[in-house]
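Worksheet: the structure to be examined is printed underneath.
Note that the chains are named A, B, C, D, E and F in the order they appear, and that numbering of residues resets to 1 at the start of each chain.
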Amino acid sequence: MTNGHAPAAPPRSTLVVTAHAGDFVWRAGGAIALAAARGEKVTIACLTFGERGESAKAWREGKKLDEIKAIRRDEAERAAATLGADVRFFDAGDYPLVESAELTDQLVTVYRDTQPDVVLTHPVEDPYNGDHPAAHRMALQARVLAQAIGYPGDGEIIGAPPVFYFEPHQPEMSGFKPEVLLDITDVWDTKREAMECLGAQQHLWEYYTDLAVRRGVQLKRNAGPNLGLAHKTMAEAYMRPYPQIAKELA
Amino acid sequence: MTNGHAPAAPPRSTLVVTAHAGDFVWRAGGAIALAAARGEKVTIACLTFGERGESAKAWREGKKLDEIKAIRRDEAERAAATLGADVRFFDAGDYPLVESAELTDQLVTVYRDTQPDVVLTHPVEDPYNGDHPAAHRMALQARVLAQAIGYPGDGEIIGAPPVFYFEPHQPEMSGFKPEVLLDITDVWDTKREAMECLGAQQHLWEYYTDLAVRRGVQLKRNAGPNLGLAHKTMAEAYMRPYPQIAKELA
Amino acid sequence: MTNGHAPAAPPRSTLVVTAHAGDFVWRAGGAIALAAARGEKVTIACLTFGERGESAKAWREGKKLDEIKAIRRDEAERAAATLGADVRFFDAGDYPLVESAELTDQLVTVYRDTQPDVVLTHPVEDPYNGDHPAAHRMALQARVLAQAIGYPGDGEIIGAPPVFYFEPHQPEMSGFKPEVLLDITDVWDTKREAMECLGAQQHLWEYYTDLAVRRGVQLKRNAGPNLGLAHKTMAEAYMRPYPQIAKELA
Amino acid sequence: MTNGHAPAAPPRSTLVVTAHAGDFVWRAGGAIALAAARGEKVTIACLTFGERGESAKAWREGKKLDEIKAIRRDEAERAAATLGADVRFFDAGDYPLVESAELTDQLVTVYRDTQPDVVLTHPVEDPYNGDHPAAHRMALQARVLAQAIGYPGDGEIIGAPPVFYFEPHQPEMSGFKPEVLLDITDVWDTKREAMECLGAQQHLWEYYTDLAVRRGVQLKRNAGPNLGLAHKTMAEAYMRPYPQIAKELA
Amino acid sequence: MTNGHAPAAPPRSTLVVTAHAGDFVWRAGGAIALAAARGEKVTIACLTFGERGESAKAWREGKKLDEIKAIRRDEAERAAATLGADVRFFDAGDYPLVESAELTDQLVTVYRDTQPDVVLTHPVEDPYNGDHPAAHRMALQARVLAQAIGYPGDGEIIGAPPVFYFEPHQPEMSGFKPEVLLDITDVWDTKREAMECLGAQQHLWEYYTDLAVRRGVQLKRNAGPNLGLAHKTMAEAYMRPYPQIAKELA
Amino acid sequence: MTNGHAPAAPPRSTLVVTAHAGDFVWRAGGAIALAAARGEKVTIACLTFGERGESAKAWREGKKLDEIKAIRRDEAERAAATLGADVRFFDAGDYPLVESAELTDQLVTVYRDTQPDVVLTHPVEDPYNGDHPAAHRMALQARVLAQAIGYPGDGEIIGAPPVFYFEPHQPEMSGFKPEVLLDITDVWDTKREAMECLGAQQHLWEYYTDLAVRRGVQLKRNAGPNLGLAHKTMAEAYMRPYPQIAKELA
């Protein structure tokens, strides 16, 4: 959908809600970098640092909880800066990330503050990590609450921004079916650089590079030979839980 | 997705494959009129006239098979002209529409001839009318065959154009979930005029007007209050069986 | 299934569990009016007034929370009286309606008090309003608990009354597939009158009238031409989560 | 749904479409016996004798094809007579039962001849026997064609009778979920007697008796303690592919 | 998959997590007895005694809560001993069994203590008893948490043991599809003996014997005639939520 | 499941039914090589050469149909020899591969001739290539027919061998969920060598190497840290349409 923005409109705003400090890089780094490259605003709401569930290497090295949080925060901040986004930490505690009315309310505030045109978050299921579905549920509930004039709090109510689910680590086991293939070829180098900020998970650098190649092959397979796509198209996959609003079928 | 077409590119092409003579009006008239209004080419492949299964009134009036076909053809041609599209009839016989390699091959020829950028057809299921799924299967198979250089026949092979399923008469019973809501407000009068070409099914004029209102309400409900949409937005709903190719999440 | 009740049996009892004050009118007003017209008892358990999430107009007019609750209560009471039902308010707070053991326990008491032969409530999913699924879960859990002699509390345990899910606002997006089409033609005027008690949501009067027409068309489409149905049959759609108990296939 | 038939109305008519000679006994014998006991007409359209795929014992005994067909026909005729139904054989050949326009057309004739108020047939899937889904598809297609005044052939067009799928041999593997539990206690002895007409499949007598007990337990479990059901309620399970038309929720 | 354990390896360990005192007998008694017969260790984590929801007979006899708990504990201990397993009670309160971080943490401790090679628990859904899904969710969450070195607590972290869901009382209504059929013929007498320890539920002895026969018939139907199976093979059915790890396809 | 084969038993037999000449290499080369390495017999039934739909490069080079078939046959024979399997060609014509009773009957003969203990074939769906589902349907139907003593033809009837679906090119779009992860590390070099026999599809060598790495990562993720798996475990993914028969849960 193309929106003809009036000249003085504020830049488009993207809100990314994630469970752990690394998620936005592996799963949505390309979308974030593309938006930033267009001059848009991107805000990452990072509910936990992934300090317990996704920092095995640091624990095995004998690091303490606070040290681990600091390392993860630092990595995430550098990755966000590389991509061109702001990151806000909620330090809600992971493994398990517990849903609560308070944390959801904090997210409502973020929604009203950032007035997102697009929302990215985890999909419904993940049988390997319960924090992801918990973040998903709070992100979606807060989006609905933030639309209601009767829900208390500062800031203007929001519209109904489209939501995209980014890809989980084991897509087939999590009910993930690619519904949108986003061409991230132009910002691939930036995404790779952001991934390399995450030193604790170096084994994933190649893994997510391969994934981008494969999603790129599928993009080309669904686009036909005649679109002038790059030889090595890189892509990210997303799902859409709400209907797309369109002016044109394409 | 917006494609920056080079100046000399041919106009975009839309191919609509339907079982019966009226389907393209009720289900996709808005999309067709929008494309035509943008100066694009739209071709309707109409596999049967709906002479047996969707002409009860004419049969009750005692009309003969050939008369009924002629009436339905005339109505469809006027409706297509109103919308700005070409219609091709295959007269394959309805109720039941029988799948065959010959008819599928004819569709391959249409694909290669029209080189569609977009394909519209029936969805997978319809427990009330088996001709619709039969048309669906041939439309999709022909689209795959037309891509293969090894499949014989005239014309250039095609790319992999996106496919959209239009809405069946009883959506919930046919596994239809709106994935795209297309704003047809600007061409609503044209669609209504085309519907009124179908004199044999006058009882459906109001029914499909109400449907467009309701899909319009849902479009607004999924777009938020701040998009400057028309007070009475009219819409059509579609499904996407293949992933959307995107340059931007929106 | 028709049960030949012995003469002295108490009238049949219907229990309707809803999230907000207006739900029982739009979604089940016909079923309620039909039961009342047969001389049966209908009790509506209304968990919240919909004061935050479904009263946008009042908030925009600058009304206060207590005023809004009072308006919604008054509207709901007049609508219930019109339909011939009793309504009980729980004032549990909406947007979000929070599930709790206490509220579920109150519902157990209502079940044991009303001894329902039929239960109506929201379906499992609603991606546009989380209060509806929350009401659904408590309604179903309380129904199971109320059957257990070991669950404490006043009143007799209940049997296993059939459950019907009424139709959500966006059925296709909520996994709603009509499994029962209820002919409400005879009580349509009463339902319309009850809808008109809800002055705050006047834009929905026509919307739900159109829905009743459309469900009526589908009822006739699934019944054949020879049942002597009214020209303009009006209907409501329901789902059945538990198997129907039958003495006859029909 | 109870229909108040006018005095002179013809008796209700049930049509059962099955792949093999034994299916109507194991899967729907109770429903058939109940209808017959109410004085209604029941017609069984038996597409094949099950001569190749369901007569292993006879083949191992060295019997010939024609002998086997004669045995199966005789058994089925006696079972049908026991239940109170007419059976018509089509001898279309099993293993595989091949779908064809001719056989479907013969079924259209049966529909128009019997004017069914209720149709019973196999469900959509059966990974253990492809003849069952083939019979299902032809039964459903013929039902739709028989409704069309434009479809040629003798007899009056039919309405849209409700369809029930009876239970396959391995329900969980065939996507079968009980949606209707039919109380067959009153005709159980008749069903058992009909089963005992099928001497070639004696090992199934106990199997299907146990199934009736289990479905009866589930019937009681879904009906509550207070319905005055028989101590040993026997039941059959069915699915409904089309919505139930109701005058009352029960 | 067969693992060639080194000689000094500890015996394999199975952990069974259930909501109520009787579940492990009816649903997994065969698997437990098989493991015990192979000299393996089996631990049953029994979250409640089923004192409110599954002890109707005792309540009707006027017994008190503590008496009922004592009866159920005694029965379960005798059944576990018969099968060759240890049982640990958590007395968390049933009907409803409430999910909590504390109870989940206790399960993490059990996982780390028992180091299971296999986990058995309830499947995702049960529309007749909410305690079963609650136990399911805690069992699965604790399994994930117990794998994380960052999750606090005593004991070694665990691997990712395969999980099997045992069969609920109404499989088709609970989304249960048999994915593994376990041959329990050799330990059938032991399972029957354990069932007979549960005097309060005598009506289920025959019911679950019949189920084992039926699952045995299906086992043979999926195995072909040439495996030398017992004439009366007895079986239990399971689902696998995670992929099987195999060295060989068989 | 481990079967204790008696000494004189014939070697186990695996039957692979595929649409095109390359499928068995990319999708099941590891399973084939493993079976062959255990001294078992593997037979590949290759329904077409993939001459039209999967030989784009050769067509673009101007080769003729017969040349292309010869090339594909030669490649497939060398790949099969590398893996240790026999390959039989049916030359049934691809794009589209048309289902027929004759071809299905030829497959029945292969089943009875090879007496497979295991069957590998395509899964149910593939929206990118209709030949794959067509091969799937014939492979499954022939397996059922080959079990029936009444189905004519030479050879002994077969049992009910387990079926495994190998992985399609776009798993998420084809409803493919890994249910079995097969460790092919030990035969990886052989599979790679067989892939390199397929010179016409060189671009897939790296693609399917990456896939094996990724499935290997998932295998380890589902197996826990303590199984002594290879650092770089390679794997193939499969689905199981029929229940697994087991002597032990593992």
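The working rule: a contact is a pair of C-beta atoms (placed from the backbone, for glycine too) under 8 Å apart; a residue touches a chain by one contact, two chains touch by 3 or more.
Heads up on the chains, UniProt names are A, B, C, D, E, F = PIG-L family deacetylase.
A quick note: this is a predicted structure, and the numbers were derived from the prediction, not measured.
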For this session: Name, by label, each chain that touches both members of the pair chain A and chain F.
Result: B, E
Exercise. Roughly how big is the turn, in degrees to the nearest 5, that lines up chain E with chain F by CA atoms?
Worked result: 180
Exercise. Based on CA centres, what chain would you say lies at the far end from chain F?
Worked result: C
Seminar exercise, completed: Among A-F, C-E or C-D, the pair whose interface repeats that of A-E, with over half of its contact pairs matching by residue number, is C-E
Problem set entry | Most distant chain from chain A by Cα centroid | D
Seminar exercise, completed: For the pair chain B and chain D, the C-alpha centroid-to-centroid distance in angstrom is 38
Exercise. Where the centres are mean C-alpha positions, what is the separation of chain A from chain D, in Å?
Worked result: 53
Exercise. On chain C, where are the residues touching two or more other chains?
Worked result: 128, 173, 178, 218, 221, 242-243
Exercise. In graph terms, with chains as vertices and touches as edges, which category applies: line, ring, star, complete, or other?
Worked result: other
Seminar exercise, completed: chain B residues touching chain D in their complex are 51-53, 55-56, 59-60, 68, 95-96, 98, 127-130, 173
For this session: Would you mind writing out the residues of chain E in touch with chain A in their complex?
Result: 101, 104, 140-141, 144-145, 148-151, 241-243
For this session: Would you pull the chain A residues touching chain F in the complex into a rising list?
Result: 128, 170-173, 176-178, 207, 210, 213-214, 217-218, 221
Exercise. Contact residues on chain C for chain D in the complex?
Worked result: 1-3, 14, 31, 34-35, 38, 117-118, 120, 147, 158-162, 164, 178-183, 218-219, 221-227, 237-238, 240, 242-250
